[in-house]
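Shared chain: chain A. Partners: chain B in the first complex, chain C in the second.
Then we have the complex of A and B:
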């Protein structure tokens, strides 16, 4: 029998870690929604964000400031990728697009490994070992910080997409790029923004994840996989569907670890994902086209 | 003599290997209402898309106020005052009515006058005011057409190009929308290039008209001239 308090603790922990999955998924959904590009390298931009925060931390900069810097650095790398590579394959066949973003994945992942070694690194911030006790729950401060940052980013993204001229233009572009151009919108500029912000948010997620998670060149692999599930679950292209999908996957994983061998917790999450998609192929929050 | 507002100079446009336009030339003077008429597949939409910059001609030029804009990207042409209400309306279904109008004010030219333009559009189409917070995809066909035209007006165009605004509308609405083109010219001083299949109604409002057949201009003239032409009477007016 599972005690109610364990169930509660697992749910809370799932929400906290799920808020990271949510951010990674949101970035992927944004890129897909605007450009219909599947970014296989998404998890590796996340790793670049974590690495950026790590090097800044070594230079004495607080990881939270480092997280903001991670967004800026990865955003810039994203715009660079967009202009140098992605813009040239927008109308290419799907397999070409997949091969290209997969090549970017390999370049980033093994480029980092070659340049900085295959080591695992950790950020030991002053709050790494701070815990809050709330009733029967013990909440580690780094995870709480990650959760709060995640909510702030989601709120910021919401305000950007729904309340600013540029954000509305970005949504318009995602719905019809030709007509967007007829509205006077420079669509290429919107693609820069979508790819930059999309991977930038992943980079930021990597930086806040690094508050309590080891950094290594291949760390992106698992999170990219989760991000794909989260995006499909959320209804492909629905940015806020992806956010909720991320939280949901986090909770499923965490709670299922109470019932099955924890080594299988991801398997449970994937099985539940498959079941949901069988019943509702457009995802939980997708309305189809 | 000052240059024409718009000159299309023998453009040839291809879709891959398929040639859609074979040296189409036409011009529009400031303050005119010009109709571009023809059957389905004649190349009317292709002509408009080349003027607005969505398509590039393989040969020929687009001249705007005496300046060659053949290589100017579409989004910059909007800033220059060329607005295009696309075929099928092209509203953004998952933006609200208000957001559709707001996104049309993306250019500097339009942004400065947005609140004034918005009031004008809401007064012209009170339906849009009532439904401003509704998703545009939920509007009826006629309302979507109002939104598409309203969006173009927000852009503060000098030249308004309308691609088959009457398509898919009930006869009464079709008539209203074609007469709206005239109202916009008469009351707001907007130059209009109207693409239509409805030749009879279009000739009632136009100052001049061109007839396009399989990628070539085959006739041009005033409505009176065209209405007298036996070929036009037989092929387009069914008389």
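Then we have the complex of A and C:
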């Protein structure tokens, strides 16, 4: 029998790690919602963010400042990718779209491996080993910071999407590209923004994840798959559905580790993924096909 | 069959076939296992890519989970040999049957899906197989399975030859069987049904085609031949582990890369694609990455760049381009 306190501890830990999954998923959902492109390289932009924070940390810059820089760097790379490559395949068949983002995945992931070596790197910030004890729970400060940053980013994204003219234009583009264009919205600029912000948020998530997680060239593989599960759970294209989906997957993964062999927790995640696709492909919070 | 025999008299086909038959012998005499191995890998990926394209190019189902069938095929050869003492000469065909059975069972949930949902689900299936085999004690869990080391008297029974040369002929045999079978299928009524489903599933239904049945048939045949490719891997390398044979990048993605580069609307395109990117990647991996381990992963970047350039500028693939320009008439 699982003790109630273990269940509580797992749930809290799941919410904390789930807030990272949520950020990665939100970026993927934004790109899908606005551009109808599935970005298979998403986890690799996240890795680029973590790597940016690492190199800045080596230069003596605090990882939290590095996280902001990671957003800016990955945002710029995202806009570059969008203009050079993604723009050309917006109306291409599904096969070409997936092949192109997969090619970007191969180039980024193994390009980093070839350029910087297949090594595992760690950021050892001053708060890496600070823990808070709340009743029976132990909460590591890095995960708490990650959770707070995640909430702040989500709040910022909400204000951007719902309270600013640019954000409203972005949402209009996601609803109907042609009508948005007729209303005088520069759709190409919206695509730059969507792809840039989408991967930028993933880069930021990578940077704050690096506070307590090792950095290696292939780290994006796992998180990209988690992001797909999150986005499917939240409903494709639903940004805040993806956020809740991320928290939910974090909790499911963490709690299921109490009941099944922890080494198989990824299998649990994939089986949930398949079940959602088969039973309710519009997700829990989706707006339909 | 008559049309296939006409191809057999085409001078280009004859020349390429003769070259493929002669090359392993030439490499063997001149002592160039590197090029023979390159040839073997191109054929292995070619076998899998032709099978993959029956689903993608002919039936319109984009799978990124063919590693599941490839891996099951590879493991079947090893399990049959280690636990039941079955020669790989028979094991290769058992591998196809086992992979087809897995494809049949997976078809019931997977074929309910279409478009990107299907693709995402196949990725999940491939990953589930990898993780499940990595924890399954019967097949050696994460350590995988290793073929027994046998003396020269049993080498033929256990298919253990020195160097890659003989294996190239085994791969050629499998490829020949595959080409004859697939060519007959795609040029039969069944093949036309597949293509109708690819163009418009609702139209196919209206015409009275049982679309579930034919999509299932396409999946099962495709998984059979992908299982054969996995079996080729197992007999060639005498060792199978879950992270190699169920890999999303080097198996599932590479198979589809071969198809996309060669051209999915061409029968032989995927084989041509495998012969383009496998030698390029192998050359970089062996000649550059092995010499400078610091640039580990560079060969995959090469594959990525080829895939990106073909997708952007030649989306119909190399064979599609040649057909459009009129350099070749069929194929």
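Operating definition for what follows: the second predicted complex is superposed on the first by the 282 of 289 C-alpha atoms of A that agree within 3 Å, B and C clash if a C-alpha of one lies under 4 Å from a C-alpha of the other, contacts with A are read in each partner's own complex, and residues count from 1 in each chain.
We adopt the following convention: a contact is a pair of C-beta atoms (placed from the backbone, for glycine too) under 8 Å apart; a residue touches a chain by one contact, two chains touch by 3 or more.
Everything numeric in this text was worked out from a predicted model, so none of it was measured.
Visitor: Once the shared chain is lined up, is A:165 touching chain B (first), chain C (second), both, or neither of them?
Guide: Touch status of A:165: first partner only.
Visitor: Tell me the contact category for A:221 with respect to chain B and chain C: first, second, both or neither.
Guide: second
Visitor: When the two structures are overlaid on chain A, which partner does A:49 contact: first (chain B), second (chain C), both, or neither?
Guide: Neither partner.
Visitor: Once chain A of both complexes is superposed, is A:183 in touch with chain B (first), chain C (second), both, or neither?
Guide: first
Visitor: If you stack the two complexes on chain A, which partner ends up touching A:175: first (chain B), second (chain C), both, or neither?
Guide: first
Visitor: Between chain B and chain C, which makes contact with more of the residues in chain A?
Guide: C
Visitor: So, A:140: does it touch chain B (first), chain C (second), both, or neither?
Guide: Once the two structures are laid over each other on A, A:140 reaches no partner at all.
Visitor: In the superposed arrangement, which partner chain does A:102 touch: chain B (first), chain C (second), both, or neither?
Guide: Only chain C; A:102 stays clear of chain B.
Visitor: Following superposition on chain A, which residues of chain A contact chain B and also contact chain C?
Guide: Common to the two interfaces on chain A: nothing.
Visitor: In the complex of these two chains, what residues of chain C are touching chain A?
Guide: Of all residues in chain C, those touching chain A are 56, 62, 64, 109, 112-113, 115-117, 119-121, 123-125, 127-128, 131-132, 135, 248-249, 253, 256-257, 260, 264, 294-301, 303-305, 307-308, 311-312, 315.
Visitor: Would you tell me which residues of chain A are touching chain C in their complex?
Guide: 38, 85, 88-89, 92-96, 98-100, 102-107, 109-111, 113-115, 117-118, 217, 221, 225, 228, 232, 261, 263-264, 266-267, 270-271, 273-274, 277-278, 281
Visitor: Residues of chain A touching chain B in their complex?
Guide: Against chain B, chain A makes touches at 165, 168-169, 171-172, 175-176, 178-187.
Visitor: Can you list the residues on chain B that touch chain A in the complex?
Guide: Residue positions touching the partner: 52-54, 73-76, 78-79, 83-84, 86, 90-95, 99-100, 102-107, 110-111, 151, 155.
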